[in-house]
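Next, two complexes with chain A in common: one pairs it with chain B, the other with chain C.
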Partner chain A sequence: MPDDDYKLIGKSVPRIDARAKVTGEALFTADLKFPRMLVAKVLRSPHAHARILNVDTSRAEKLRGVHAVVTGKDTAGEKWGVFRYTRDQQLLCVDKARYLGDEVAAVAAVDEETAEEALKLIFVDYEPLPAVFDFWSAVAPDAPRIHDEYPRNINVEVKIEVGLVDEAFRNCRLVREDTFLAEEDSYFMSEPYAVVANCHADGSVEIWMPNASPHTKAKALSNALRLPLSQVNVRKITIGGAFGGRSDVFPAEFICSLLSIKTQRPVKLVYTREENTIATRMGHAMLTTHKTGVDKNGKVLARESICWLDGGAYSSTGPIATSVPFLCHEQAYNVPNVRFYGYRIYTNKPVRGMIRIHGRSFACGVDTQLDMIGEELGIDPVTMRLVNARRPGETTPTGSHVASCGLVECIEQTAEQSNFLAKFKKSVPNRGIGMGVNSVQTGFPLGIRGGSQAFIKFHEDGGATVISGVVDNGQGNDNMLVQIAAEELGLPMSEIRLISADTESTPTDAGSYSMISTFGGGNAVKRAAEDARAQLFEVASEMLEADPEDLVARDRKIFVRGAPDAGVPLPKVVRQALLLGRPIMGRGAFNPDVDQRREWIGNPSGQLSQAFSFGATVAEVEVDPETGQVKALDVTCAQDCGFALNPLIVEGQFEGSVAMGGQGGMLAEEHRWHNGHCLNPTMLEYKIPTIKEMPRIKPIIVETIDPGGPYGAKEAGMSVAMSSAQAYCCAVGHALGIYFNHYPLTPERIRDAIERKQESKGIKTAWDIEPARIIPPEPKS
Partner chain B sequence: MRLPPFEYQAPSTLDEALKIKRGQGAAAQILAGGTDLIVNFKHRLFSPATVISLNNIAELKRIEVTHDALVLGAGASLAEVASHPAVNEHFPILVKAIDSIGALGIQRFRGTIGGNLLLQPRCIFYNQSHYWRMSKGLCHRTGGKDCLALEGSDSCHSICSGDTVPTLLALSAQLALAGGGGKRVAPLAEFFTGRGESPWNIMPEEILTEIRIPLPWAPISWSYQRLALRPAVDFPLVNAAAAAIVEKGKLEHFRLVIAALGPAPMVLREVEARLKGAAPTREALDLAQDAAVRVAEGVVVANASASKEYRIQMAGALARRATGEALGLA
Partner chain C sequence: MQKHLLTMRVNGEQVELAVRPNATLLDVLREDLELTGVKEGCSEGACGACAVLMNNEPIRSCLTLALEANGAEILTIEGLATGGRLHPLQEAFVEQGAVQCGFCTPGMILSSKALLDRNPQPNDEDIKTALAGSFCRCTGYAKILEAVRAARDGDVGNEGS
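The block that comes next holds the complex of A and B.
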């Protein structure tokens, strides 16, 4: 068990940023104002696929109040991509526009009206090309090619095979193959995307924007702008949500920087809600075919999963996005023999990235199929999950050792507290209960940017400033860093300042994606604080004539353990250190213990993450069969987060996860399309849940004290977000006696399934969906 | 998103407002609560020369009971209407309809009853940004020659989405309009044209001043049903209102309206005719459902946040529920 002697760690302390957020004092990028600042607007392609023959900007340039116009000519022909082998996006279109909304040109003008007016004066000659809007037509042999270098529009292909899959299938008692389809979803962060770039006389550029990794943004921009990294300074700013959608680099920051450099003025670009939806990132549509074989006890012996992902027009984080749905489930369930084929397919639609509940069709498919198998074998859903659940000390098929794992506890506790089995067996018409199980990584291998470093310096009054590269997207990272430093240094949180997420003044950090911030950045700050404390103890030990080993820092004092009254005030130690010429400067670094040789496509094997979180969620719902509307009644969610540094924040994450993963993610959230036009890019038509329909939520924190995490912590909330979708899906299915395989479960889909059910017999999915198949390699010409 | 440039006028009397209207006609647009209009401005669905705010005109905000009617000033806010004692006493159905509108903070405190009736009919191809519409192509409503939701159609099928519309129609409301030639009163039932591009029988210089709901001669039993994807914020996917007067076991008056299907609310007269004069039985439910589905099939096109088929089915389901509740058969 953790040291329950902690003063702050493990306690529900209010967040340091809460007051600024609720009073509206917190400044977001769009709030920034600078003298002489210009406003930028982007001209977007009105075609889903078109060759750009000519861009005439002359009239726009002459408009009074316009200071600069940029087009593809200003990109120097560079293409950007997250990986060396996925560089496929020009940050302003040069030869082609590949989706409706692709950036073709941009202007900077004195105000928004003038900028909008100028866009109308840019004349672009397009040659419209045939376009493809779904993966089936995109992989057809005669489909138009979106990128010349990618035959059949296959952008990414991941193949993993471990064990003796075919042989294992032959030894199974039961083998099922089912297909699951999920539509595109979106993040709908409360803050639409915005960028401010400010170019200085020394050639450097400062940039503010919501981001999940300032250092990654700076690196990519320094390449694209051909500036030294030290000249591209990403600044800290309050961020209104990310959920995976702020991770990679967008044309917006490139365009804004370019305009600032051209005009030598600050430039601001604020996206509309529609632009935030179509021109940053959205979630993939995904088709998954699972073939699963079990023994007589329901233990899965082999699984083959084939996935097609609709990636939209560019690669983005494609190799990661293609692999992660599989990886989460090779963690969650122990399946010895696995084969995975993942294809990310280009279409003429907005670019897709990672999202908090990435892989709905994969995950919901796994649990729905387990329930189907359970029904055939007469085994209940809880047993099906327990029989297959990952246990600590095991190794995943692709070679990750799982040091800590509380999945069995999560399953057992959610089942018990929701009274799952009794409710599952007793059939109340139109009421259902379902369970989802999932697991996520805490940190992928990210090369040099996988690690995090931190510094701590002191003020003469004993207060301290923590300097860390970690960014806070709204999840509470700033608070986490301060809480850790305060615990280690024996200071109140109010006496700790934080400088973070600024690439000029803070050291590197992995970024707040892949659930690494607490594990990586938290560990680095903890080590920096330990280092500072050791320095303090050295000075204090001379003052107290005691052994540094026996000292304790608490309540702004340093004292010999057990004798708090005889201690010295911490400020005095700080000043003494200055007098002695030994100023206290803490340093800490942390690099997760992962296999750096592991690569998404080239070598998907080795330690993926140092730690993994696990979760189980139970949802209880009531369905109105006449309208297809679902009311979620109760949700019981449990996650092994290692150790809850701040239970208040962890529970908040769980609640948000249920809203996003289950309530929105499984019942409502999807994009609808009309030939490449997104029909619902706005808050009104994209159905994120409101507080009114949220169910009662019972959060259960499971702690396993991971040996590598700070105080044993891993990550908070992601496993609940993912497993909520699965729980809702299985619950609606249980209510109606239907195995759903097309998501989300909107009222009309539910109605449709009810109507089809009357015709069909046997244990079958609601819809016959064309399975995802292995795509044979293109014959060499 | 920015507003288009316009001249802003906020007269304090109806006469002044009418004078501006007479001078400018459709080029001067009325702003009541603005909860629909401002969004449409930002999407550049309109850019009028002048905007006339009704906010300072006290006479348009009155709510009163005369000897035979409840009279609602068109400029009364939805919240004021829903909390008025006379409305609660005589027409709780209207309170229920208003309570379902949008979100309390914006739509109900700022939105007006007049604005709700004159809410621009909605369409998923129309209520989009300027960039979206321009890249998609024009339709009847935006100056083009086709309908994007139903190719080849010769008129616009955008959706009358106000929550109070079917309710007021079920209560046989009348509208008072003021314009060039003075005041006129028209039944709400005759107000809708059924064409989305010009949805109402209103002259460019006219202003809606009052909504009059006749006081019933006997207690009304009623039902308001609406279906939306979320319980707050969302417009109805379909809605239905029923009002009935049963005396001595006989149905003396019955009106069933379904709306949010096409440009006009639909009164199911056939159901009314079949049921009136007899004791209500459960057959009424099937009758209402079948009639609603048939009517909906004739007007619904694929232009909302749910599919055409679903909305048609749901028109039937809601008509059934409204009938059942109003007739005490549920």
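The block that comes next holds the complex of A and C.
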């Protein structure tokens, strides 16, 4: 259907949730208040690695106003892990603390002051253990083991090899090996983490918390609390951003639920900004060594990538986090022969998860190295990218068919609209331009929780309620669902209510990680609406004496195509259906067409995701070589999002992606450490972009109409976040004639690189960094 | 701890309550007056989520002692719409797509209001300066800038659909 046929889809309609947010009416978790509600606080390990010998809570328990104290003894002994084989985290430490901040005990008291006072009355005997704080020392043969079962602290090992890599390298005109390093970054979603748990007399618990998948949270809690899933009800709540940082399960919700069960009262736990940083998730530090071989035209024939990721103390999404940087690039660029070794390594630091620009060192390494090769061969960056870009209809090395792909358009349009080649060739001192290219998935094989279902019911006046498990982290998923249902049912958006992200009343959904919400949840709602509409047409066809095939639903009316004036009002059809005993109940489900046999470590082959988005970003910067300060001037970003269901929202996603991916992610954002202690956990010292620094952004929406997406849509914005980081990196490099390989590009690092440059000649990276190597398997003992 | 009497006007209504001398204005607004549109993002003056207007000036309520507000006129986001009608800035934020997760929104709108009241024709630099202390992690600020421009130009009320 051409766009003009849609009434709402493809239109920039304002979001349905915006009104409640501009009036302050929208409730976030920390805003909830219940009668008799208690306040919880968590006692955290002051040691990065220590055995817990004894926890004495007796004095805390006696403090007036304290209602409960919980420790590792109160757990059912269940460990949490995203996969069955990565269950390594006690949700309250039992025998050991593995990072500075690990949860050791918690209290529920009448108010915050009492709870804090009580924490001081809990006495813990620790036996401090030697700790490791970076991947080099963690993998040393004599390093202390953080988890007994994991020799050399290797948490996850992923190996992928496709094609004839060594042979291809031998046939290359040019082969380069370079190493890239990125420090840890953080989400800094604006809402600090918070949980409210409310236990009821029937044994059930209601829980509110920012989350990227209510069903995943509920399942984990049901295991940890040993309660039937139907007794663990995760409720809908407004969520203040996620960016990957709400995807996992955290001790906070377990602790809060436990305290509520113990006290039989509602309990609220609100994290400080510092706790949000160290005790939910942060981004991985990552070392990547790329060996890339090309023919004389710059076509990459083979690549070997070895990555080390600093995973912190626990597995979290480990197997996914280890693989995704490679997978994004096997999608973005067509490289026939690839070898990937990924190691996620435990350290005594906070737990790491996937972040919006997960894999900075991998991604920036790919494009920086392409620019280096281009310089050696005399080929410009645009050509280097076009020669290697993924095309539709191709298959990735690990076996995913790429049904739709507008990467070439993204590269061409950003290059043209930024006047890339002219600016690249004309050298203006300290001015630079760079391009990044990336691709992300829309959904992963997630087993029984990989699909989404939806229901639609009608009110007597013709309005409808959509019921869907999709969660909105702030990106606009609620609006997306309603916009789709309204389009299909011919109703104004204002007459559609939404019940979502509540595990008691809404069906399963894959969660808003892996960029699946539009593709999965959107398709499910679309199908439910189509189903409801078919039922409406059945009834209306009798009323209109017409064939259901010829009917149209639009503007609260059902009519024969071409004769809107002779239609029946939708409320009348709904009532007639009730009268006939055939009430309208729409049902829809969508399971993405992925290979469920695919597994991250055991079988990394088969269809990974039904669709992939592709993006290219061009950044233009000006660098002050005296101070190392970078000013971003213009950013032109394009993404093939399949189809823009709501261009206003899609643009907003692109713009936010430039801020987090490029501006913050490449120029400023990193954590600093001292012996496992995070030195900048708060917004005072960790620099996220403000409105002042932001460049002009030109978003370009590229549409390819994916055959599987709702109306052809895929996902909006992630490819821009990732490619922005790469674009900024290449642009700063171009401005200074330096190939940067240690990120982010802070003023200090830029100054250092400028100083080193004067000594070195040739096409080299700024720093000599010890490469990531294959770690030989430990001899079995 | 001895409590002290605090009298102020909040969203046009006179309030009187006893507060501890160390209570922040943020705590009193959120906890005592249940004005949860005032958001707590950092508690140390860095993020701007807790901004409210005190005598028409934006302040960070997390860094302000409640007693400092004695006798003052406080406006929170809950007091901005009148009689169910959104303020033009609120309209503009909705229409321009300046709201994503919405956590920064109350602070952004109130800081923008103080700017427009003081300077009805701000240029982009003025707007950026007024909002430089408010973090938004979602939008990249582009649509926030557009929303404030739209409110400045009276370009609101086009919600259509």
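We adopt the following convention: the second predicted complex is superposed on the first by the 778 of 781 C-alpha atoms of A that agree within 3 Å, B and C clash if a C-alpha of one lies under 4 Å from a C-alpha of the other, contacts with A are read in each partner's own complex, and residues count from 1 in each chain.
Note that contacts are C-beta pairs under 8 Å (C-beta built on N, C-alpha and C of every residue); 3 or more make two chains touch, one makes a residue touch a chain.
What you are looking at is a predicted structure, and each value in this text was computed from that prediction instead of being measured.
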Q. With the two structures laid over each other on chain A, which partner does A:692 touch: chain B (first), chain C (second), both, or neither?
A. both
Q.
A:241 in the overlay: touching chain B, chain C, both, or neither? Say first, second, both or neither.
A. second
Q. Is A:680 touching the first partner chain B, the second partner chain C, both, or neither of them?
A. first
Q: Look at A:100 in the shared chain and tell me whether it touches chain B only, chain C only, both, or neither; answer first, second, both or neither.
A: first
Q) Taking the superposition as given, does A:272 touch the first partner, chain B, the second, chain C, both, or neither? A) both
Q) Between chain B (first) and chain C (second), which, if any, makes contact with A:668: first, second, both or neither? A) first
(Q) For A:46, using the defined touch cut-off, is the partner it touches chain B, chain C, both, or neither? Pick first, second, both or neither. (A) first
Q: Based on the superposed arrangement, let me know which partner A:493 touches: chain B (first), chain C (second), both, or neither?
A: second
Q: Have a look at where A:8 lands relative to chain B and chain C in the superposition and call it first, second, both or neither.
A: second
**Q.** Partner contacting more residues of chain A (chain B vs chain C)
**A.** C
Q: Touching chain B in one complex and chain C in the other: list those residues of chain A.
A: 272, 684, 689-690, 692
(Q) Looking at the complex, which residues from chain A come into contact with chain C? (A) 8, 11-15, 17-28, 30-31, 33, 187-192, 238-241, 243, 272-273, 473-476, 492-493, 648-649, 651-652, 654-660, 663, 682-684, 688-692, 694, 697
(Q) Give the list of chain B residues in touch with chain A in this complex. (A) 1-2, 5, 124-125, 128-129, 131-132, 134-136, 148, 227, 229-234, 305-307, 309-310, 313-314, 317
(Q) Taking the touch rule as given, give the residues of chain A at its contact with chain B in the complex, in rising order. (A) 44-47, 100, 112-113, 116, 272, 274, 626-629, 668, 672, 674, 677, 679-681, 684-685, 687, 689-690, 692-693, 746-748, 751
Q. How about chain C: which of its residues touch chain A in the complex?
A. 30, 34-47, 49, 76-78, 80-81, 86, 90, 93-97, 99-106, 109, 127-129, 131-145, 159-161
